[in-house]
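Two complexes come next, and they have one chain in common, subunit A, joined by subunit B in the first and subunit C in the second.
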Partner chain A sequence: MSARLKALLLVTPLVVFLGLFFLWPLWMMIATAVQGGTVRLAFPQTATAIASWDGSDPPPAALQAALIRDLRADTPQERFGDAVRTLNSQQAGFRTLLPRTARTLREAAESDPVDLATVDPRWSDQAYWLALKRSMPAYTDANLLAAIDLKRTDEARITPVEPDFAVNRAIMLRTFVIAIQVTLLCAAIGLPFAMLTASLSGWKRNALLIAVLLPLWTSLLVRTAAWLILLQDSGLINQTLRAIGLIDSPLSLIYNRTGVLIAMTHVLLPLMVLPIYASLIAIPRNLMPAAAALGAAPLQAFRHVLLPLAMPGLLSGSLLVFMVALGYYITPALTGGAGDQMISSVIAFYATGTANWGMAGALGLFLLAPTTVLYIVYSRLSRTPLVQT
Partner chain B sequence: MREPDSFIHFKAISKVFGAITVVDALDFHVARGEFVSLLGPSGSGKTTLLMMLAGFETPSGGSIHVDGRRVEHLPPYKREMGVVFQNYALFPHMTISENVAFPLKMRGVARTERDTRVKRALDLVRLGHLADRKPSQLSGGQQQRIALSRALVYEPKVVLMDEPLSALDKQLREHMQLEIRALHRDLGLTVIFVTHDQGEALTMSDRVAVLNRGKIEQFDTPSGLYDRPRTRFVAEFIGETNLLAGRVAGRSGETATVALGTGASVTCDRGAAFETAQDVIVSVRPEMLHLVQDPGADNALPVTITDHVYHGDHIRLHLACGESHLVARAGRRDAAPPIGSKAFASFAPGDCSLVVP
Partner chain C sequence: MSSASLRPGGAAFNALRLGFGTLVVGFLLLPLVAILPLAFTDSVFLVYPISGPSMRWFGVLAESQAWTRAIVNSLIIGTGATIVATVIGTLAAMGLRRELVPFSGLLRSIFLLPMVVPAVVLGVGMQILYARMGLASSYLGVIIAHAVLCVPFVLVNVASSLASMDPALERAAASLGASPVEVFRNVTLPLAMPGILTGAVFAFATSLDEVVITLFVAGPNQTTLARQMFSSLRENISPAIAAAAFIIMILTFVLLLAVKGASLIGALRKKREISGL
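Coming up: the complex of A and B.
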């Protein structure tokens, strides 16, 4: 067996794993975000008939008849439900309109002529028919637009949704703000911590490293729960502050932005400390003494020698923290208030709450895109290593 | 030997790490413009002494004066000394010219003046053409010259060098020795140079302080150390020597007569420091030892030739003198006596030294 084949066999499990559990779900997520086939599947005859309707006149009788035939057909319950959900996200009201119409049609005799407008007056409203038409194409940008609070009007123009429904942009912005805040906090704590760790030796260095690693080995849920206990109004911190007389009434440290930032910074700190520590360790031992001997006061030496050499670690740490923070879900859910939820909780709501995988995928795409761009920028910047050994 | 005026003065300087005394109450002066080497085996305290002068170690006792000013309490960046480190310590993220400009930038020198001085400092080590490279693109020798140029660019009062040539190969090292000597001479620098290489110390220095276990064994010119070692450690550490143990049998003025353990008796011109009946060691350099057939020659010791080894420019004769083993150098044109033959090893009373055991 050739060496090449052996090597190929060795990486096969990895390739299969990556393909199956990373690339395929990613592709499926992107695909569901732009797929619009659910309505077409549930109403095949309507789909054919509506293609020839231009939307300006009232819907012709042939179209109405096609819809009636589709509603009378024995469509599987699940498929019908999917279509109703999709239509309802386009035009509120479909959730009640379609099941009621279907029930009435099935109860009536097959031969009876049916006027949909008498079954439910909403059928005379052209908006429902237009929503039906919009939902028919195999591919749609509706989810992508909805993810950033936009929609297509009946004339297919892109407009902002009503302010009452426009929450995604605000939550997306909040997600980025929280991720940036957490990254800055991690950098502010992580850099001095890594510098201290790198400057020590022996058991002191090990003790500090374990202090960073221990949380990393602990379950995220346990760490977050621990903060609940520490930060609540009758928690350790408030009790201590009150006992020593610094405050009279408890500080609100949890179920608000403060709680989210404290817990997320703590959880993500190892991701900042370890890359900085690694880059500091690589700095030759005699550079700082050399800077001092050449006339650099401690702050100058830090600014001109240590910081530039620690920068690759600081950048990769920041990137790591930022990217992981963007996707945070459990920690803000447990330690934040209603105004501190991040985009992942909206994605989770669509995915598990309403089974709207298209919206979940579209929101996920808007999270994936900036992360990918950041990663590419970073890998461009860090192509030339500063310290060559 | 010139009497040093006191540009740098170590006054009863000590350094104790835990239970170990690394530098033990040293007291010595270095003159302005002098090239002084601190020479000693590892652990002799030479680097600690330099680090105390540079400000990286705090003395446990005593004081350091530079140009009349006490400096031991000053942080390194206020001492105005140029330090050249063992592994160059160039900043990897800066270009060569940024490296050399660093001390000037830290001192707030204006950009235009900085540029001229950097150019001058680079020209000094003849590496002006590498100004825009990064340190990693330079060879070891080039990096060392840049480190030197960086230490000289702000015209420090003193230049300290901590084994700066130890990472270079032999040829490059010898070349750099000459270059550093020339810079010292041309710029009138005061240099303190730490090394464990006695050849390097002898060829470069005005004076050498030989350190052993935190004490100065001898602080002298290179020829003083080689020709007139005062302790057994110096005699053995600098060059090669033959040591003959004995006891002072009598002394008249400078000349001492020493009864050797072998029963023979020798005279030495430099015996003023020793008393009758004191135990001493006679140190004779191999090139001062001559093989003769005349038992009446100066300080003639009966020897048996045990081996001769060809060394290119000279022949090394191994001799047995009673229990002790002697080495003599013979010119390559001299006829080497056959192995096993007997002769007398002779040396002039002025060509030996008496050292304390």
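Coming up: the complex of A and C.
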């Protein structure tokens, strides 16, 4: 067997495994976000009939009959519920209209002629039929638009949603701001700390390195729990500050932005320190003395020699911290208040709270896309491995 | 303080360095150190000073069905995910070793992606996929999901131990008449073992710590220790959490130290053998 074939065979199990359980789920998430499937599934006959209605005239009798047949059919409760939710997000009122109509139709005899407008006057309002038509395409950008607080009007023009429902952009902005804040904090602490570590030798250097690696090896959940305990009103931090007389009443350090920033900076700091340290120890030791010998003042040597050489590490550390911070869920969920939740918590809410996978997928795509781009930039720029051992 | 002493090498500058270093080391280590003793408190509150010492909260964990079940689940799922990830991750690392596979670089980047993709995003995808495949709320489903997250750690560790291996050793074994299988069993595998074991420990620790994907794919029967801890942290903070945190930390550190220690002892023994020749 050729060496090439053997290598290929060795790689195959992982390719298949990740293809099946990593790339495919991501693909399905994206597909679910753009499929207009829920309403089509629940109203198959209406879907066919509505395609030939151009939306300008009142809905023809054939279309009304198709909808009546679909509503009388034995659609699973869950599928019906999904469709109602999707429709209601397009046109408020469907949440009461559809179940009421379905109930009336089932109570009436099969052979009775039915006029939908007499069952509920809202059926004579064209807006409901237009919303129904809009919700029927095979593919839709409704979820993607809703993820950034936009929607299509009846004339298919894109407009902002009502201010009361426009929350996603604010949360995306907040996610971005928190990630930037954490990156800056990590850089402000991590750069001097990495420089200090690189300037030491022997056991002192090892001690500082171990202090960086130990948290990295410790469970994220344990670290977050520890901050929760330390930062609470009766926690060690407030106790100490009170004991030394700096404060009279406890500072509120937890369930707000302060708590999120402290905990996230702690969790992500090692990811900043290690790449900077790696780029610093690659610098020849005699470079700074050489700069001094050539007459550079210490600050000049720092600015023109050390800082530029630390730059690649600082850049990859910042990219890494920012990229990881964007997707954070656990730490803000535990240490933040309602106003500190990031995009991940909204995605989790849609997926596990309301089973609205279309919206969860659309928001997920808006998180996945920047992360992937940042990862590509990161792997181009950086020679430091993602995992430290 | 004169400005001259703030220069590198000056007394004030050195004091500043010492102060800053101590502060950051304190910031990094304080949470880890502070949570451990609280596992042994006698009080119902997670506060200092500790009244105790007592094993009271470990008793609470041992008596609570939810917690014992969560610990058992974590061990089952962690072991399963570690085995899956270690086997296929090690094979792939060996396959990628000499860059004989087309697009080796691209494949390596894709293999590391599970570490980068936000857990919530992967969770949504897995939830949709599992609903279709019928894997939702099953042990197998959770094990597979965890294995996806664990694979990069195995891959990186095995790859780095393979990279530091002298290929001449394998060539020498082959030229002395060893079959490819014998070379693999007697030369490659033992030399890669420290990397494989370290990767396995990181894989186990990753699974032990995983919350987000578990929230999406596990049913109530597959609640893990981390997930149980996450939901108790959201409800009420009791010292039972510190006891659970203690278990997680000790498990991870003991395994890590065991592996690092074993590879250190192995290296020392090899050195002695060589010098004894």
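Keep this in mind: the second predicted complex is superposed on the first by the 371 of 389 C-alpha atoms of A that agree within 3 Å, B and C clash if a C-alpha of one lies under 4 Å from a C-alpha of the other, contacts with A are read in each partner's own complex, and residues count from 1 in each chain.
Please note the rule applied: contacts are C-beta pairs under 8 Å (C-beta built on N, C-alpha and C of every residue); 3 or more make two chains touch, one makes a residue touch a chain.
Everything numeric in this text was worked out from a predicted model, so none of it was measured.
Chemist: Record, for the superposition on subunit A, whether partners subunit B and subunit C clash or fit.
Modeler: Pair status: fit.
Chemist: On the A-aligned overlay, A:290 touches which partner chain: subunit B = first, subunit C = second, or both, or neither?
Modeler: In the superposition, A:290 touches subunit B alone.
Chemist: A:139 in the overlay: touching subunit B, subunit C, both, or neither? Say first, second, both or neither.
Modeler: Touch partners of A:139: none, neither subunit B nor subunit C.
Chemist: Tell me which partner A:305 touches in the superposition: subunit B (first), subunit C (second), both or neither.
Modeler: After superposing on A, A:305 lies in contact with subunit B but is clear of subunit C.
Chemist: Quick check on the superposed pair: does A:165 touch subunit B, subunit C, both, or neither? Answer first, second, both or neither.
Modeler: Neither: A:165 stays clear of subunit B and subunit C.
Chemist: Mind checking the angle subunit B, subunit A, subunit C on Cα centres after superposing, to the nearest 10 degrees?
Modeler: One gets 50 degrees for this angle.
Chemist: A:7 in the overlay: touching subunit B, subunit C, both, or neither? Say first, second, both or neither.
Modeler: After superposing on A, A:7 lies in contact with subunit C but is clear of subunit B.
Chemist: Between subunit B and subunit C, which one contacts more residues of subunit A in the superposed model?
Modeler: C
Chemist: For the combined overlay, can you note the least CA distance between subunit B and subunit C, rounded to whole Å?
Modeler: When the complexes share the chain A frame, the smallest subunit B-subunit C C-alpha distance is 8 Å.
Chemist: I'd like to check the shared interface: which positions of subunit A are touched by both subunit B and subunit C across the two complexes?
Modeler: 386-387
Chemist: Any idea which subunit A residues touch subunit C in the complex?
Modeler: By the definition above, subunit A touches subunit C via 3-4, 6-15, 17-18, 21-29, 32, 189, 192-193, 196, 207-208, 211-212, 214-215, 217-230, 232, 234-236, 239, 266, 269-270, 298, 323-324, 326-327, 329-330, 333-334, 344, 347-348, 351-352, 357, 360-361, 364, 367-368, 371-372, 375, 379, 385-387, 389.
Chemist: Could you please specify the touching residues of subunit A with respect to subunit B in the complex?
Modeler: 284, 286-287, 289-297, 300-301, 304-305, 308-309, 386-388
Chemist: Applying the document's contact rule, which stretches of subunit C touch subunit A when the two form their complex?
Modeler: 7-8, 17, 20-21, 24-25, 27-32, 34-35, 38, 45-48, 84, 87-89, 91-92, 94-98, 100-101, 107, 109-129, 132, 144-145, 147-148, 151-153, 155-157, 160, 198, 202, 205, 208-209, 211-212, 215-216, 226, 229-230, 233-234, 237, 241-242, 245, 248-249, 252-253, 256
Chemist: Of all residues in subunit B, which touch subunit A in the complex?
Modeler: Per the touch definition, subunit B meets subunit A at residues 54-56, 75-77, 79-83, 85-87, 89, 91-93, 102-103, 105-107, 136, 150-151, 154, 160.
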